[in-house]
Amino acid sequence: EGGEEKIHGLTHTEISNLRATSLKARDFAYCPYSLFRVGAALLIRSSNPGIFDHIIRGANVENASYPVGTCAERVAMGHAIASGYRKADFKAIGVATDQLDFCSPCGMCRQFLREFLDLDTPIFMFNREGEYEVKTMGQLLPLSFGPEALPPREMLEGQRK
Amino acid sequence: EGGEEKIHGLTHTEISNLRATSLKARDFAYCPYSLFRVGAALLIRSSNPGIFDHIIRGANVENASYPVGTCAERVAMGHAIASGYRKADFKAIGVATDQLDFCSPCGMCRQFLREFLDLDTPIFMFNREGEYEVKTMGQLLPLSFGPEALPPREMLEGQRK
Amino acid sequence: EGGEEKIHGLTHTEISNLRATSLKARDFAYCPYSLFRVGAALLIRSSNPGIFDHIIRGANVENASYPVGTCAERVAMGHAIASGYRKADFKAIGVATDQLDFCSPCGMCRQFLREFLDLDTPIFMFNREGEYEVKTMGQLLPLSFGPEALPPREMLEGQRK
Amino acid sequence: EGGEEKIHGLTHTEISNLRATSLKARDFAYCPYSLFRVGAALLIRSSNPGIFDHIIRGANVENASYPVGTCAERVAMGHAIASGYRKADFKAIGVATDQLDFCSPCGMCRQFLREFLDLDTPIFMFNREGEYEVKTMGQLLPLSFGPEALPPREMLEGQRK
């Protein structure tokens, strides 16, 4: 190990990969309505530390009916889940736009991610220069409503009577 | 005025009305899939302080295709917008469930509300006993992505070239 | 009856009301991102034929995060459900835009409406001149996936084992 | 070619691949709330007919806040778009459930797919036995609202004045 400094558990190399993939992912955005490109990258926790980490990318996919479109973060996470990854498999997520300001995931994406990320998982928000601001899942969605908030179905059925 | 104590700008009477309407609104929930009833109430800022405040209620409306359903908070706010209310017209929102725990709005609703609520607008989360926890819009969706975050379209079009 | 001609079960007066309310509802649209105003009107079946029909309106409500916004048809139906109306209470729905072409509900709205409308309920699509094209729920969402398509939960739990 | 019979432009081998991938994709569904597993498979048009077709799979990804989840078809298409595929690259889509009945895509997915599929692209609905019913995009979303329905922005801005 030798004491490389880590940020939210990530090495500088991992952050570089996350940055590069997030920025690159913007090229795949389909956003003819907003013209607002967003790229995302999901860093998968490797079971083998010697192996280069797997990164899954996403981009926003808009629709003529605006509410039907989806965001970069959800495209990346949907791909990951359909690939068999589950809670505890995610080390970090990155999001990048074409702006100088740091742009955070929308509330819908925060809720979607909350189902699978630990509360201390870092969310890196990259601006177009590759600079970032970073917050944890729990910081971006405080007092959140996750899987464990739903009471067991038997209890709900009991309340109905 | 005579110094009635207020909580986030609301009088005890206003909070009582918000509580009663939020709890009552649960009766209108259509939730055959989750069995999880949610009621919401939106307190409209009265232009005439002598007039009893207007409250708009909402309830969750589920769908056989789960992602197509909507939440109580968005039903209430949709109704309000279609009634002509706009940003600055909202004094508070309340949410109520059948649980003993305080249940917060999901991330999607926080984002939907963010478009119209000021960051210091209170969100009252009522449990089934009518007890509440209260947070502001800004506390529930920190670093949020609101209307002002989108750059002017001309700038986006310029970036395309 | 006296033989007034009806279109999909609606009298000319009812269609006129549906048209006027759908067109008027556009004024309440919040659509700073698409600039595409949509109005909707839901004609409630009156239990008392002598009484003027109740009409509930809706308008599109957009969001800085495009997928978080909602459509006019869902705003109207959400309001109706939260008002206590249920399946069998809806006689027709109307949708209006600022275009000369007739504009149909998006697929998400068709699915949302499907939960509450009978398959033969008419959907009136008004252009800006008030002319219309009309189709039934079943015509706009053929082979649809409604509440009855989900197997009983016990069966699903059985399949899991 | 030698006259192999095709169904909606697909060979028997292609349909077999679509079936196998759609059925297999169900294993990756995250559906703790509905218990209703759905798999999807998107057949990419190969630019090289000698090369085995590329297939992208998807599965439903649910959320504690039901409306925030997404469907198998949208996960598959989101992945495809973020991989760089665009309109005209899709030869067919398949959907599979654990039911004996043929289950169609929900209206929201039909709208999402409509942005990228030609109207005559086939949608194969597989039951748990691998038998199928097939309809085209245009048949499942008649009178649809696609990218070409939105007027040029300049026209919309003009209407505002």
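Labels for the chains are A, B, C and D, by order of writing; each one numbers its residues from 1.
In this section, a contact is a pair of C-beta atoms (placed from the backbone, for glycine too) under 8 Å apart; a residue touches a chain by one contact, two chains touch by 3 or more.
The structure presented is a predicted model; accordingly, all values stated were derived computationally and were not measured.
Homomeric contact chain A/chain B is classed as same-residue, with over half of its interface positions used by both copies. When the contact pairs of B-D are matched by residue number across A-C, B-C or A-D, over half of them reappear in A-C.
The chain pair with the larger count of C-beta pairs in contact, out of C-D and A-C, is C-D. Per-chain CA centroids place chain C at a distance of 26 Å from chain D. Distance from the chain A centre to the chain C centre is 35 Å, each centre being the mean of its Cα atoms.
Multi-chain contact residues of chain A (touching two or more other chains): 33-34, 62, 64-65, 68-70, 106-109, 111-112, 114, 145, 149-150, 153. If touching chains are joined by edges, the resulting network of the protein chains shown connects every chain directly with every other.
Of all residues in chain D, those touching chain B in their complex are 33-34, 62, 64-71, 106-109, 153. The residues of chain C lying in touch with chain B in their complex are 25, 28, 30, 32-33, 57-59, 61-65, 68-70, 72, 74-79, 81-84, 86, 108, 111-112, 114-115, 145-147, 149-150.
On chain C, the positions that touch chain D within their shared complex are 34-36, 98-99, 101, 103-112, 114, 133, 135, 139-145, 149-151, 153, 156-157, 159-160.
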